[in-house]
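Labels run A, B and C following the written order; every chain starts at residue 1.
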Amino acid sequence: MAERATETEFTLDAPAQSAAEEHGPAIQGRSPWYLAWRRLRKNYFAFFFLLLFLLIVVACALAPLYASHVAHTGPNENHILETVRVNGVPTDVVSPGGVINGKLTPSLPIGPTWFGAGGRFVLGADGPNGRDEAVRLLYGGRNSLIVGIGSSIFCVFFSVVLALLAGYFRGTTDFVITRFFDVMFAFPVVLLGIALGTALSISGFQHFGISIQAGSLWIPTIVISYVLIPYVGRPLRGQVLSLREKEFVEAAIAQGASPLRVMFSELLPNIASSVLVFFTLIIANNIVLEAALSFLGAGVQPPNPSWGTLISNGRDFIVTRPWLSLAPGIAIVLTVLSLNIFGDGLRDALDPRAKVKVEL
Amino acid sequence: MMAFFVRRTIGAILVCIAVTFIVFIIFIVVPGGGRLGTAERIAGKNATTQNIINIEHEWGFDRPIYVQYWRMMKRMFNGTLVSYTSQQNVVTQIEEGIPATFSLAIGAGVIWLFFGILVGVFSAIKAGKLSDRVITVLALIGISMPVFWLGIVARYYLAEGGLTSIFPDGEYVPLTDNPLQWFWHLVLPWTVLAVLFIGFYGRVLRGNILDTKHEDYVRTAKSKGLSSRRIMRKHVLRTSLIPIVTLFGLDFAAVLGGGAILTETVFDLHGVGQYAAQSIGNFDLPPIMGVTMYGAFFIVWFSVLVDLFYAYLDPRIRPT
Amino acid sequence: MNRKNGWKLPLAAVALAVGLALIASACGGGGKKAATTTASTTTSSAGASKSFADFRIAYDTGIDFLDPGLSYTVQGWAIMWNVYLPLLGYKHVNGPDGATLVPYLAQSMPTVTSDGKTYTLTLRKGVKYSNGQPVKASDFKATIERDYKIDSPGVGFFGGIVGASDFAKTQKGNISGIVTNDSTGQITIHLTSPQGDFENILAMEFAAPLPASTPAKDQSTTPAPSTGPYMIQSYSPNKQAIVVRNPYFDASMYGGNVPAGNPDKMTIDIFGDASVALTRTLNGQEDYDFYQPPNDRLGELESKYANQIKLYTPANTFYFFMNTREPPFNNVKVRQAVNYAINRKALVRIYGGLATPTENVLPPTYPSYAKITMYPYNLAKAKQLVAASGTKGATVTIWGSNNESRRSPEATAYLQQVLKSLGYNAQLKIINAAVYWTTIGNQSTKAQIGFADWFQDYPHPLDWFDVLLNGERITQTHNNNYANFNDAAINSKIDTLKKEPELTNSVNNQWAQLDTEVMKQAPWAPYINQQGIDTFNSDIDLSCYVFNVNYQFDFSTICKK
C-alpha cells in the first residue's frame, strides 16, 4: 500500500484509538480515502451542490424524454408558421413582422409559456426559427456537458502522463515538456481556443490517419483539452518533482522497480487527490470555456445547440425575449457553481491542509 | 543574476518565435488558410484566373512554406506587415487598439487586486463564520459566471438601450478626448472583467492565509506575545500575498496582451483582443501573427518580472 | 459584405440610360419625380437654404477600402459615389429612374460604332481634382491600368477591352485598347466584341479616373484626390472617416447630374454594434444609422420614431443553389420539389418580415422582372416528385455561411428541416463567412445545395444571368455559377441578349422570359428579396430622402429641418 506523503496528522480519531487500545478490540486501520469520505459526508453544503450537479446532468441526459413527452418537438424542428394555444389564446410561435397595416412590426418568437401551452415552449421559442428553447436548453446542456466532461478527462489524462514523465525522468524529458508548457502558456487561452476552433471548423481534423468531421463534438473537446494541458500539467509536474525526492521513491528505484512501476505505484497514488480535485475544477472551467468558444462561433457548430450558442442566438432578442439568453446563462452558472463548491468540499475533505493551487 | 536574466531573455525570444510558428502552422496547414484559398479571398468574388495568379505571386503564396514564414516574420519586424482582408498595416492597427486594451487592463486590474485582497483577508479573518460562508458563495458565483454572459446581462440591465439607462452602451472613449466619458464608458467593462478575478483571488488568498496561520513560525510569533494584528500584517500577509502577486502578474499580462477578448467584444471596445478575434474570424493570418506575438511578449516578460520579484521577496529562492 | 460580379463579355453598348431617360421624360408620371430632383439640385447648387454643417453617420464595419480601385462593398461605394466620379454615372433620384445613366466626367453619353465595339467619349473641359490638378483623358487609361496593378476585384469587368488580358499577364506596357488624347480630351475604347452593359461598367467606381501619378497600392488611408462634390479628408479604419467638400468641384458643369450636396461635411463613425449605433442616432449623437436596427428594437422604433425611418428594397435575391452536377440535384424533379417544399412565407418570417418572397432570379425593381408563380407551396406535390425521382433517403449536405446579417444559419436550418420532411438525410454544414464563397466556388467541394445571395453590381440583367447562370462561365475554382447550370439553349440566349445595345421593352421582355425558362429547370430555389431600414435623427428632413437603386441612400442630398 502506498505510503501517504504528508505528515502524520493529529485526527480526532487519535484519542478514540488510544482509548480503544486500552480496553477494546484491535483497532481497524482506515485508509485515507475512507477518512476523506467521512469528512466529505459531513459537509452537507458540498453534498447538496454535488446533488444539484448530478440533477442537472440527469435532466440533460433525459432531454429526449422531455422532448417527446412534454414539449412534443425535437431541438431542431422549426415551427415558424405554427400557432399554439397559450391559456386558451391562439398565439403565433413566430409573429409575422414587417410592415403590417402600415406599421413596422418586429417579428418575435413566442415568450415563455410556463406550461400554459401544455408543456410546449415552456421557455418560449428561439427566434427566428421557432424552435423550442427549453428542449434546446436540455439538448444544449447535453452537448456542453459532454464537451466539458470529455475534454476534462482528456486534459487530465494527458497532463498526468506528461507530469509523470517530466517528474520521473527529469533531465531532457523534463526540459522538453516544460518548454512545451511555456510556449502554450504564452498564448491567452481564449485566443488559442478560437484559433484552433475556427481553423478546425472548416474541414475538421484530417491528419495523422485520424479523420474527424468538422461538425462533430470531438473538435471542441480536443481543442479545449489541448489548450488547458499546461494549466493542469505544470502544477502536477511540480508535485511529482517534489515527490521524486522522497525516500520511498528512491527506495523503490533502488529495489529495481521499472519506471512504469514507480510512476504508477509510487507517484501516481500520491498525486491522486490533487488530480481528483483538479478534475472537478477543470470540468467547471471547461464548461465555461466551451460556452465562450461557442459564443464566438469557434466551438460547437450550428445547428447543434450548446449553452454558448444559445446565449449567442438570444443576443438579438435580449430586450424583448431576455429568457433566451438568461436561461442558458443561469444553467451554466448553476452547473459551474455546483462543481466549484463540490470541488472545494472535495479538496477540504481529501486534505484539509493541502496546498493544492489551481493556477488558472 | 545577470546570467539568469540573459538566459530568460533568450528563452523568452525562443518562446515568442515558437508561438508564431504554431499560429502559422494552424492557419496554413488547415484547409481554408491554404495557399489557394487566401489568394482567392484577396482577389474577391469577381476574380479572373490571371488576377489570382498575380496575387499569389505578389503576396508570395506560391513560395514554399518556410519562405512565406520567413517573409512574414521579416515584415512583422519591419513594421510592414499587412492584413489580407483590409490591406491595412497590422502594427498600426494593433497600436490603435492599445489604448482601449491598456485602459481596460489597468482599471480592471486595480479593481480586482484591491477587492480580491479585501475579500480574501476579510473571509480569512471571519473563517468558519456565516459571513465567510456567504462571501465564499458570492465569490464562487462570480467565478461561475461566463464573462461574456455577464457582459450581455449587464448591458441589458444597466446600459443605454436596455431596461435602465445608467451607463453608456459599450464603446471606448479615449482618455485624451474626454476623461469623464472615458471613465464612464469603462465602468461596466471593468466591473464585468473584475468580478471573475475578485472571486478567484479572494479564495486563493483566503486559502493561503489560513494555511500560513498554521505554520510553525506563526505559532512561534504568537507564543512570543505578538498581537494578532501584527502577526497578520508582518508575517502572514506577506507570505500569503506572494502567490497572489504571481497570479496577478500573469493575469494582468494576459489582459494587457489582448486576452480579454470576450469583454472587449461584448462591449465593442475595439481593443487588441477584439482585433484578434475579428482577424481569426476572417482567417486573416498577418494580424493573427501580429497579435499573438504582441500577447506572447507581454506574458513571457511578465513571467520573468514575476520570477525576479519572487526572488526579491523570498531570499530562499535564488533565480535559476 | 460580398459583392458578386462577373465577366463582361463583349456586346454592343446599352444606352440603358438613354432609353429610360427617353421613356421617363415622355411619361408625365416621371415628371413629378424629375421636378423634385431638379428642385433639390437647383436649390442645393443655389446653396444656402439646404446646406448644413455636418452629417453624422453611424456606419458598420463593412468598409473594405476607400480606394475606388479596390472597394467592392456597398459601404465603400455609398461613400465614394459622391467623391470619385466616373465618366458616366447614375441620377441622384428615387425609383427606377435612378438606374438611368447620365454623363458625369464625360461631356455626353458615348458614341458607339454600329458594330458596338468602339466607344468614344470626351472629357468635360475644366474639371479639376481636389488638389487643383486638371483631370486629363490619359488619367482614365492610367486608372484602368492601375486597377490591374493593384489586383483590383474590378478587373473582371474590363476583360472585354482590347489588350486588357495581355496587360493582366505582363503588367508591362499599356492597354492598347484604350486610346486617349489629352489635348482634345477624347477617350476611345476598343472592345473585343460588343458588350451590352459596358456603359454600366464605365459608371463603376473601379473606372473613376484618378491622377496618373496615384501610387499602385491601396490609398484608403492616404486618400487620392477626388473629382466629386466631396473629398475624403481622413480615414481611420474601423474608427472614422471624414468627408468634406471638394473646393474645386463646380456643380454647374454637370447640368444637374451631380448635385453639389447639402452637408458641408460628413463624419462617418464606425460602430461594431447595431444597438449602440441605433441608440446614438435616436438620442441625437448621430444623424443617420446605416445599420439595420436590431430586431427587438423595431417595436420601439415604430411606436416612438415612426416618422424617422424609411423602408427600402435594394436589388438583391436570396436563394438556395442546387448543384446540377451532384445527385440528387442532377434530377430536375428534385430541384422542383425543393421549390414546392419551401414555404416562402416562413422564410420571410426568418428575415423578420422585412423581406418579400420571390421565385425569380431578378429582383422586382428591374423593368425586366415578370413575377413567376410556378411553385406555390405544396408539400404533397413535392413529396410526389421526390418519390418519382427515386432519390428518397439520399444523404444531402446543406452548406451555409455563419453570416448573421444575411440570416444564413437560420435559413439553412429551416431548409434542413424541409429536406428532412421530404425524406432526405439532411446534414447542415455552417462554415465561416470568410471562406464560404471560395469553398462552395471550388468544384472539389462538391457542394450539393447551399445558401447564396446576390446584390447587383449595376442595374442590368447581365449582372445576374451572365455571372451566375451562364454555363460557359463555369470554372474549376472561384466559380460563381454554384448550380453549375449549363443549358446550351439558355447559354446562347444569354450571349445573344448580351449583344443588345439597349434595354428596350422587347429586350426586357426577353430577359423576363429567360427568367421563366431558367426557373422551369429550377437550378435555384430563390426565396426572398431582403428589405432594409434607414433610421434618422429627429432633426433630419426626410422629404429630401433620395434612395438610388444602385448606391442606396444618397448622403449628399439629405437636408435638415
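What we mean here is this: a residue touches a chain if its C-beta (ideal position, glycine included) is under 8 Å from a C-beta of that chain, and two chains touch if they have at least 3 such contacts.
Just so it is clear, the structure is predicted and the values come from calculations on it, not from any experiment.
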Chain pair showing more contacts of the two, A-C and A-B: A-B
By mean Cα position, the chain sitting nearest the middle: B
For chain B paired with chain C, centre-to-centre distance based on mean C-alpha positions, whole Å: 41
Approximate Å spacing (C-alpha centroids) for the pair chain A, chain C: 48
Centre-of-Cα separation between chain B and chain A, whole angstrom: 22
Multi-partner residues of chain C (at least 2 other chains): 297, 431-432, 435, 439
Residues of chain A touching at least two other chains: 198, 202, 297, 318-319
Shared-contact residues (touching 2 or more other chains) in chain B: 32, 161, 281, 283
Chain A to chain C touching residues, read off their complex: 76-78, 80-81, 94-100, 103-108, 127-129, 198, 201-202, 214-215, 297, 301-303, 316-321
Chain B-facing residues of chain A, complex: 45, 179, 182-183, 185-191, 194-196, 198-200, 202-203, 207, 284, 288, 291-292, 295-298, 308, 311, 315, 318-319, 322, 325-326, 329, 332-333, 336-337, 340-341, 344, 353, 355, 357, 359-360
Chain C-facing residues of chain B, complex: 32, 36-37, 40-52, 54-55, 58, 85-88, 93, 96, 160-161, 169-171, 268, 270, 274, 281-284
List of chain B residues in touch with chain A within their complex: 11, 15-16, 18-19, 22-23, 26-27, 29-33, 133, 136-137, 140-141, 143-149, 152-153, 155-156, 161-162, 200, 204, 211, 214, 243, 247, 254, 257-259, 261-262, 265, 273, 276-277, 280-281, 283, 288, 291-292, 295-296, 299-300, 303
Residue ranges of chain C touching chain A (in the complex, touch as defined): 294-299, 301-302, 306, 309, 311, 343, 345-346, 348-355, 402, 404, 407, 409-410, 413-414, 416-417, 427-432, 435, 439, 531, 533
